[in-house]
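Presented sequentially are two complexes of subunit A, the first with subunit B as partner and the second with subunit C.
What follows is the complex of A and B.
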């Protein structure tokens, strides 16, 4: 197998790796700014310099040429090479800053140049704490600046588009953002303008950076030049918890990181998954923080003689229990939801079956023509395939409306799905029926329901979703409800503020914890009135049961979902034919 | 009334000829911008968009090219554009003094245009005439070399009267045949 020597240590490699990526893959730290594994390689920041050489081949002996001490003679490239664009070859010798004073000096001097016009505003910069320039300056940079002249001033606070703000002074012209719009989102909206020390990225005059993927440029910006208009100045990164999750605004199921502080979701960033979304996600998925934080249903609500009253959990449980006794199974309708998780739909179906209702219905939410063939899918809900695999009965919106508005239906139990808001039903369809709505946000459907049960959403519990391509992926609880505790639930991340903050600090409150429980737990509690509950204690256990009872979910468990980039449950051919 | 810019049939034929010279569609952007500037006198954003449309290129890319070169006028300029070089050699030989002298004389700053629309001043990077420093170029045309304040006065007065300075041939030492004192 071909070999490469990096800092006198031998590594074997396959194929044609690039030296920088190979070093990163092998856990060797190396500075760089402009390189990004999913973009083209311009090698313009010059930060990843290494000394590189290849062994000399002696044609006469047909072997490597050796010196007196029997070592291979290495012919080094006359100048330093950028590791990002250098392809590894057999026998190549690389010297990094660990073994070469020259490379160490080069890293320091390149950084000194990059910092010549970079403002010293880290204390007020959003990128501070997760800034490659800041980190690498600490590790490899000069102790101080020798430049005493005035820095070049460029425009600040330019609104490039509705979601992205540029501070041109902070820009180091790595062109990652420009390459993103050229190669990934293909809108070609950005360019570098002007030249020399005056250049910075911009849009063409009269246009704006309204790319539906624009916020990815904020993520890949290695400095604080591009910042999110929404997240700007909201929080320091080290005060937040970062929890893995799944984007539920779309059928694609982009992998995300959910950033919380004091139980508010402050931002969502994409998480790498080569099989689903690579490093990217659409902008609208990040706006989901509003749904997670605002307009939440907290405490059950009940319509009583025309009044809407806050009710107790006990009352909410007994009310549904009584109604399930009052009506016969043929008078009940159970509606699952492609917006809710696999576990919630499964438990609803199981309890419906226990009561005698053979079928649980759902209707997908497809916006024809809204997909772009990349990460934005026509399917507006994250779990349509999951509902199908669980054997829920799929109805077209019209059939679903007919089913619900049937006067024989007296009791309607629904999982979170704003059926009125999205135009499947109207309020008149629900009149005269006892409607139980399990949801996390107030909407038109919850307003029309008789009993509203607040349930935990995808960032308040671990739960799984099957995306349009049939890949099951799971979320992790990121946000506490008033019944969960991140110090007791070992799966939840505990950040600096959670660990050291107290209620007496003015930045830690209990205000943002919602009075809600998962939908499956509510259904279990209702059944417990008859001791007919199945005894589920966690979504992990529910998934274990799904895997053992439903052949389509064979082999799925939470540990595997954590280890692997999701598990494909449906073959590509099956997705295509459906 | 807002002016709309269009290429004529002859221009489009010319552009086709330019495009035929290059293997990809990005490359013709510079000669086509040049053609547009010759025709309209500038390449303002509307003209950039016209060029982008004609060549099927992103408007941002065309804007990037225009803003890179001081020779492309991204906004309307005066009749005479005085590009004063302020890069190293000219700077050392007094490029900034010349620039500031012209600024004071015309009452405008670099990057501005006089009210009568006659003169614009730009402080530009090296024009490759270090041997004749300090120097300036007039409207992407003639080079005025070895500038002094007196020489600037003469040039500007001449331009006001509509006289473009003559092209000056200055032999460089290594090209000079000493026996004949001519360029050899």
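What follows is the complex of A and C.
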């Protein structure tokens, strides 16, 4: 196998890796700015310098040429090489800042130049704390600057588009954002204008940066030049907790990180998953923070003689239990939801079966022609595939409406799905029926329901979703509800302040906690009224039961979901052959 | 080395009236070499002849043109290009415009022969946008060549097709760098490309491309006419051929002169250009455009304008655009002006050049304005070290060399200035 020597340590490699990526893959820290694994390589920041050499091949002996002490003779390139654009070759020798004074000096030199016209306003910059420039300057930069002149001034606070704001002075011209719009989103909306130290990214006159993926440029910006109009000045990075999750605004199921502070989701950023979304996600997925924070249903609600009153959990459980007794199974209709998780739908189905209702119905939410072939799918809900695989009965919106509006139906139990808001039903369809709506946000459907049960959403519990390609992925609780506790739930992430703050301070407050429980837990409590306890303590246990009873979910469990970047469910053919 | 330059008859811009008109050009043996090439030579023979003649690129790097041609891969049926570089934006360089003005057909003929030798489908003539009238002249010459059947489909019945287009730049120095010239031709921002891949493998639109200077291509018909041995007998043996010296500065008769390579610098100043203005002494000579290291007046004895001699003296041939400065010149000011140019023209792609050129200029302004300190001189040299060889293209080198060599070779001027600083207390 070909070998490469980095700082006198031998590594083996396959194929033609680039030296920088190879070093990063092997856990060797190396400074860089413009390089991004998913973009083309411009080698323009000149930060990732290494000394590189190749062994001299002796054609006569057909072996490497050796010196007196028996070592290979290495011919070094006359100039320092940028590791990002350098392809590894067999026998190559690389010297980084760890072994070469020249490289160490070069890293310092480039950082000095980058900082010459950088405003150094870290104390008021949003990027501080997660800024590659800041981090690498501390690690590799010069101790001070020899620049005693006026810095170049460029425009600040430019609104490039509805979601992205540019501070041109902070820009280090790595061109990541420009390359993103050229190579990934292919809108070609950004370019670098002007020349030399006066240049900065901009949009064409009269246009705006309204790329549906525009906020990804904020993520890949290695400085604070591009900031999100929404998140700007909201929080410092170290105040927030970063928790892995899944984007539930779309069938693609982009992997995300949920950033919370005091139980409010402040921003959502994409999390790398080569099989689903690479490093990217669409902008509307990030705007989902409003749904997570605002307009939440807290405490069960009940319509009584035309009045909407807050109720207790006990009452909510008893009410549904009584209604299930009152009507015969043929008068009931259970509606699952492609918006809810696999576990919630499974428990609802199990519950319906226990009562004797023959089927659980659902209707997918597909906007024809809204997909772009990249990360935006026509399917507006995250779990359509999961509902199908669980054996829920799929109905077209018209059939679903007909089914619900049938006067024989007296009791309707619905999982979170704003059927009125999305135009499948209207209020008249629900008149005269007892409607139980389990949802996390107030909407038209919850307003029309008789009993509203507040349930935890995808960032308040661990739950899993099956995306349009049949890949199951799971979320982790990122924010607390009234009934959960960050310190007791070992899965919930620990923030930097939790970890590094003084132990006399409590960095997390109890504010903004919602009075809600997961839908499966509510259904379990209702079943418990009949002593028909399902015995679930967590979604982990529910998934274990799904995996053992449903052949399509074979092999799925939460431990695997943590280890792997989602699990592609086995196909129907594989089930047959197995 | 003694060169009989007084009896030299110009070949590139001979003094024939109206030579830019195609009829006059044809009457004086024009396009004969093209006919000869198409009729009796194979492409390989042309490449070998040009390689043997050792035409060293006139754009500054001085690379053997024939050798460059031989790097082109074998034709695969797809398009292949020549980009003729007429961007000449280097301060002190103004030679190609003489070819555009007085002998455009010689260049066109050379480009067609080069196109034949490398199986080219199209030649792009990239001319700097400021040369508006020369662009028009060039376009007229190309139109005439098309009308006469020297360009277009089936040239002179040989079955060889070639198109030629004029492309005007938008006034950026960096677009004279070969890879950013290609970017500019493709309609993109003029950012130099990372090499490898080299243009011969992946050039314009990802196809094999050769970039040659206008003057280099104008030399090709001469080689075809008289052979490589004849060509090599002109001027300096390692750097042969006629060359257009663009001489500017404090001389009595500045201008573009065609002479063989290897001319003594002092002869060029005293005999060709009629001596120094006002009989003053030479203080400094920049031999080949502003990016080449300047030579002191007392370094010039016996130095000739060819690559080897200039390298020994500590400079470079560059474009042979010579800038002569007399003893009254303020070197601090002169260097600031050069640095200002590179600061203004840095494309901004690579960090060391983008921010280094500005750093250099600002430090030089500080020294110029009498606010400098001795440590600033060391800082300048240090910054040069931080820039040289650290960028994608050679602009950082071009910006750093004049600073490094002006500060070291004219250090007393700089020391005098910083010792008289406004901060000096002792």
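Going forward, the second predicted complex is superposed on the first by the 555 of 578 C-alpha atoms of A that agree within 3 Å, B and C clash if a C-alpha of one lies under 4 Å from a C-alpha of the other, contacts with A are read in each partner's own complex, and residues count from 1 in each chain.
The rule we apply is simple: a residue touches a chain if its C-beta (ideal position, glycine included) is under 8 Å from a C-beta of that chain, and two chains touch if they have at least 3 such contacts.
Values in this document were obtained by computation on a predicted structure and should not be read as measured data.
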| item | value |
| --- | --- |
| Subunit C versus subunit B on the shared subunit A, clash or fit after superposition | clash |
| Which superposed partner A:315 touches (first subunit B, second subunit C, both, neither) | neither |
| Subunit B versus subunit C as contact partner of A:206, first or second or both or neither | first |
| Subunit B versus subunit C as contact partner of A:426, first or second or both or neither | neither |
| First, second, both or neither for A:79, with subunit B first and subunit C second | second |
| Subunit B versus subunit C as contact partner of A:196, first or second or both or neither | both |
| First (subunit B), second (subunit C), both or neither touched by A:188 | first |
| Which superposed partner A:100 touches (first subunit B, second subunit C, both, neither) | neither |
| Which of subunit B and subunit C A:512 touches, first, second, both or neither | neither |
| Contact breadth on subunit A, by residue count: subunit C or subunit B | C |
| Where subunit C runs into subunit B (options 278-286, 332-340 or 368-376) | 332-340 |
| Overlap of subunit C and subunit B interfaces on subunit A (superposed complexes) | 191-192, 194-196 |
| Residues of subunit C that touch subunit A when the two form their complex | 172, 174, 189, 191, 194, 343-352, 354-359, 362-363, 365-366, 379, 386, 389-392 |
| Complex contacts: residues of subunit A adjacent to subunit C | 41-47, 49, 78-80, 85, 106, 109-110, 112-114, 116-117, 146-150, 152, 172-173, 175, 191-192, 194-199 |
| In the complex, subunit A residues that touch subunit B | 188-196, 202-207 |
| Complex contact set, residues of subunit B against subunit A | 45, 48-49, 52, 58-64, 67-68, 125 |
